[in-house]
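Presented below are the structures under discussion, each in the form of structure tokens.
In the two complexes below, chain A is the common chain; its partner is chain B in one and chain C in the other.
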Partner chain A sequence: MLYIEQFVYSNKLRHTHPLERVIFALVTMIMALIIKDWQVHLLIIFSMVILLVYKAKIKASVILKLMLIPLGFLIIGVLTIAFQISSADLNYLFYFNIFNLNIGITVSSLQTAFNTLTVSLSAVSCLYFMTLTTPMVEIIYVLQKLKVPDSIIELMTLIYRFIFVFINTAFNIYYAQQARYGHSTFKKSLNSFAILFGNLWGKAFFKSKNLLQSLESRGFEGNIKVLNPEYSFSKNNIISFVLLDLLIFFTALFLSR
Partner chain B sequence: MFNKKLYSIWALLILFLVPESAFAMHIMEGFLPYKWAAFWALISLPVVVYGVVSISKKMKENPELKLLLGVAGAFAFVLSALKIPSVTGSSSHPTGVGLGAILFGPAAMSVLGMIVLLFQAILLAHGGITTLGANVFSMAIVGTFVAYGTYKFAKKAGISNGIAVFLAAAFGNLMTYVTTSFQLALAFPAEVGGVMASAVKFLTIFAVTQIPLAISEGLLTVVIFNFLSKYSSQELITLNIFKKGEVLGDDNHA
Partner chain C sequence: MNYILKTEKLNFSYMDGTKALKELSMKIPEGKKIAVIGNNGSGKTTLFLHFNGIHRPQSGNIFYRDKKMSYSSGEIKNIRKNVGIVFQDPDNQLFSGSVYQDISYGPVNLGWDEKEIRKKIEEVMNQTGTFDLKDKPTHFLSYGQKKRVAIAGVLAMNPEVMILDEPTAGLDPVFTSQIMELLNDLNKKGTTVIISSHNMDEVFSWADYVFVLSQGEIISEGKPEELFRDAEVLKKANLKKPWVLDMYDYLLNKGLATVGDNIPRTREELLNLIK
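This part shows the complex of A and B:
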């Protein structure tokens, strides 16, 4: 079971129309990217967390744990932006010198780095609002509404379905191998992986062949058609989402003056 | 004295921050400024559209392919959730791009890569929606085409199949990391030296995790490929419908 999937299917916003949630999350994300003010970013993170905790009823500890996932990339990336290397003397806040090179943080690089940090965190909070309230089936439904080509929609449906067919088997084999020191050294691990892959590969082919047979016996002509549940828009939700985005927008406008 | 101290703190910090397990280098959500995010999305779009058109045609002729591609995409996703120890002692997640490119060809793999990247962003919070275009470009386009090209070129040059597979997977992986570094550098040029200086910075920092990852991915792909040509040659022949007139694998491993 994937970590995010444990929460998304039982979140309390699920009965609402997925388009509302996905569009709200994406619009807010774009606003986070365009507006360059850390206070706005804080506001976005704050509102997303409040919505997730109080409306979707997802524990704050879960959100915190998820926020830590991209941290490795974020810290390394931001530090790389912050540190400027030069043989000349830049407008350094502080620096050190090795091999006649100055390595340090300048005023403007610190600004860019800090801005990137807050933008990323606020965009990630929007992403989590979407992924923690919208299961993959609903995201696929939204993509369908947005006129994404049928072949991609079908592939996504199939891949999503097969992920859960494989992931259990894959992890069971993996743990069984680990329990037998199968991943203790690099060389052993490569071999174990080949065995895992080979077995799964055979099973995968078998499954896809079986699926094709069962589909063909039911009149498969190349298209998989799925009935979507009927969703209805809720006025209250749309109004509150629009109000929240307007609040963020006017806060940004007010702060930029 | 003061400088030395700072340097050691910086060095320690880097060591400390290098994550235990390295994912392939996907740019995280929101990291790219919106102009660059849009730019990379626009660059990737025509290639993915070309891929969709090309596989749609094949899928129509052969409905079995649709299921096979679905299985392959799920496979790539599941693989990327597992860890292999890397040559440096930390561990890394394989991407499967090299293997996919060799088995399915670059057009199909660019579409699959895009879907897998989207799934990784949504289900694993790895990568992002706004940075999807940039990640598709570096991994699913540059990665697959380089891997495929390297494989073809090495085969033509008469290099043995094992080494050709290694070179393809490792090189595809390396070029993904180089491309990502340049994407980051273009968005965040250095104050002195501009894009190139910044690219050197990103390349150096991420080399710590990405070069070992490329090597382990190369080795892993070879071992898997040997296993496949030994035990499931039948399936490999089925796969040839993707690329008519080619025989996969090599008699070296028969």
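This part shows the complex of A and C:
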């Protein structure tokens, strides 16, 4: 998560209204999920990568690395779809027999597996487009615009901020322990981690008390209300997003005939 | 002299039994630059938390503009608007991942008009030099930047009294002088500024009036040039004499400096008085 944070705040699409990007990502994702054609999926993945590299100016190597993360899970998942178990003799391309059961790959199972792979990857690419171009604070802002309940918005705001305080505190303790040989052997390391987590627990309580005090002194009355910077829509972005979605739609229409 | 904040025989102890404040009475003159000094654990932060109604005294009274605090919800709201506190650790104060959101929080709570709030945010961002940070996430800021954002968040509420708990602790000299400059500007516009500090040189050159807190009691108060010459107080509160004053007194003794209209409070003023 920290890795993504570095890029999202410096991406070049950031300074327009977050709503246009989030809506575009969601609409495209829905299309990816509805349309069951691998060529469309590849088109979606391709356009998202192009947008990220050329419009948001995020390095291709970063996107590739990020795409490899879900790919690992996907391949394992897809393999289980590709292999069919049956006692009857299906039209296997390849199979082996254990305890009178045929385990193997058929043409249709291979197709389903491949489709699942491309659907997932294209949906993930939409999601990456959103997360890499829209900082969490702006995603929360969009959720607020989409009328998500206030208490969830507040929780998200606070959690997002304090994840970093938490990680920071944890690492500070960890480094301090390391400096005093707290992690020199496995046994010592276990012991040190126990102390670290115990301490974090206490510190979290202490911090939350201090936070409440400082919120109160700025007029906290039970809920957190804030103003967001004024975002402006970019005509160019909206036009290119709409055109892209139309292109994907008509490609799907053309291919389905 | 108008006193904007007054405490009368304030007592407060924490749940573990530590007596943080003992029969503490003090008067904060309006429109002045006030410093509260004393060792760690002497009760400065606890005292500050009383000033805007976060802590309630276990006995004793607090007056804001000669009106006794009654802690009714309407009054508390008013007090918190008028008395702003910048906490020592900015990580305890900044609750949002967005600098802009965080600064907007106080004014939104005050129920101002959106346009007015946006104008105010821009103004305090310029005042505190945080305008360039507005698109940055809070967790990417340095300590000094966080501190300035925290100050901006309180400044945005337009408080009459601005309290800063160790505003310069952990800051480099450039940031420190920028912040002290900012506090001077605020004061010139009529804000009463109260700081706590461990840096006696800073307090001596900046403050109009100084309170010395030791173990929950005010053991001395006065103008810095008088207070810091009281060897007994300095010893009792474990404080160091500011170097400008120390040097000046030494030079006076040796007959190497002239007695000016005022006691020198900065290096430049001291240099002018050396024969």
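In this text, the second predicted complex is superposed on the first by the 232 of 257 C-alpha atoms of A that agree within 3 Å, B and C clash if a C-alpha of one lies under 4 Å from a C-alpha of the other, contacts with A are read in each partner's own complex, and residues count from 1 in each chain.
By our rule, a residue touches a chain if its C-beta (ideal position, glycine included) is under 8 Å from a C-beta of that chain, and two chains touch if they have at least 3 such contacts.
These numbers come from a predicted model, not from an experiment.
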item: Superposed partners chain B and chain C on chain A - clash or fit; value: fit
item: First, second, both or neither for A:116, with chain B first and chain C second; value: first
item: Partner chain in contact with A:219 - chain B first, chain C second, else both or neither; value: second
item: Partner chain in contact with A:9 - chain B first, chain C second, else both or neither; value: second
item: Of chain B and chain C, the chain that contacts the larger number of chain A residues; value: B
item: A:207 touches, of chain B and chain C: first, second, both or neither?; value: both
item: Touched partner set for A:230, first chain B, second chain C, both or neither; value: second
item: Contacts of A:75 with chain B and chain C, given as first, second, both or neither; value: first
item: Chain A-centred angle between chain C and chain B, computed on Cα centres after superposition, in steps of 10 °; value: 90
item: Partner chain(s) touched by A:166 [first = chain B, second = chain C, both, neither]; value: first
item: Contacts of A:34 with chain B and chain C, given as first, second, both or neither; value: first
item: Smallest separation of CA atoms, chain C relative to chain B, angstrom; value: 10
item: Shared chain A surface residues [contacts with chain B and with chain C]; value: 5, 136, 157-158, 160-161, 165, 207, 211, 220-221
item: Touching residues on chain A, where the partner in the complex is chain C; value: 5, 9, 14-15, 135-137, 157-158, 160-161, 164-165, 168, 207, 210-211, 213-221, 224-230
item: Residue ranges of chain B in contact with chain A within the complex; value: 2-4, 6-7, 10, 13-14, 17-19, 25-31, 33-34, 37, 52, 55-56, 59-60, 63-64, 66-75, 77-79, 81-82, 84-87, 94, 111-112, 115-116, 118-119, 121-126, 128-130, 184, 188, 190-193, 197, 201-202, 205-206, 216, 219-220, 223-224, 226-228, 231-232, 235, 238
item: Of chain A, residues touching chain B in the complex; value: 2-5, 26, 29-30, 32-34, 66, 69-70, 72-77, 79-81, 83-86, 88, 90, 94, 96-98, 103, 106, 108-109, 112, 116, 119-124, 127-128, 130-131, 136, 139, 149, 151-152, 154-163, 165-167, 170-171, 174, 183, 185-186, 189-191, 193-198, 200-202, 204-205, 207-208, 211-212, 220-222
item: Complex interface listing, chain C residues touching chain A; value: 49, 52, 54, 77, 80-81, 84-85, 87, 89, 91-98, 100-102, 104-110, 114, 117-118, 121, 134-140, 153-154, 157
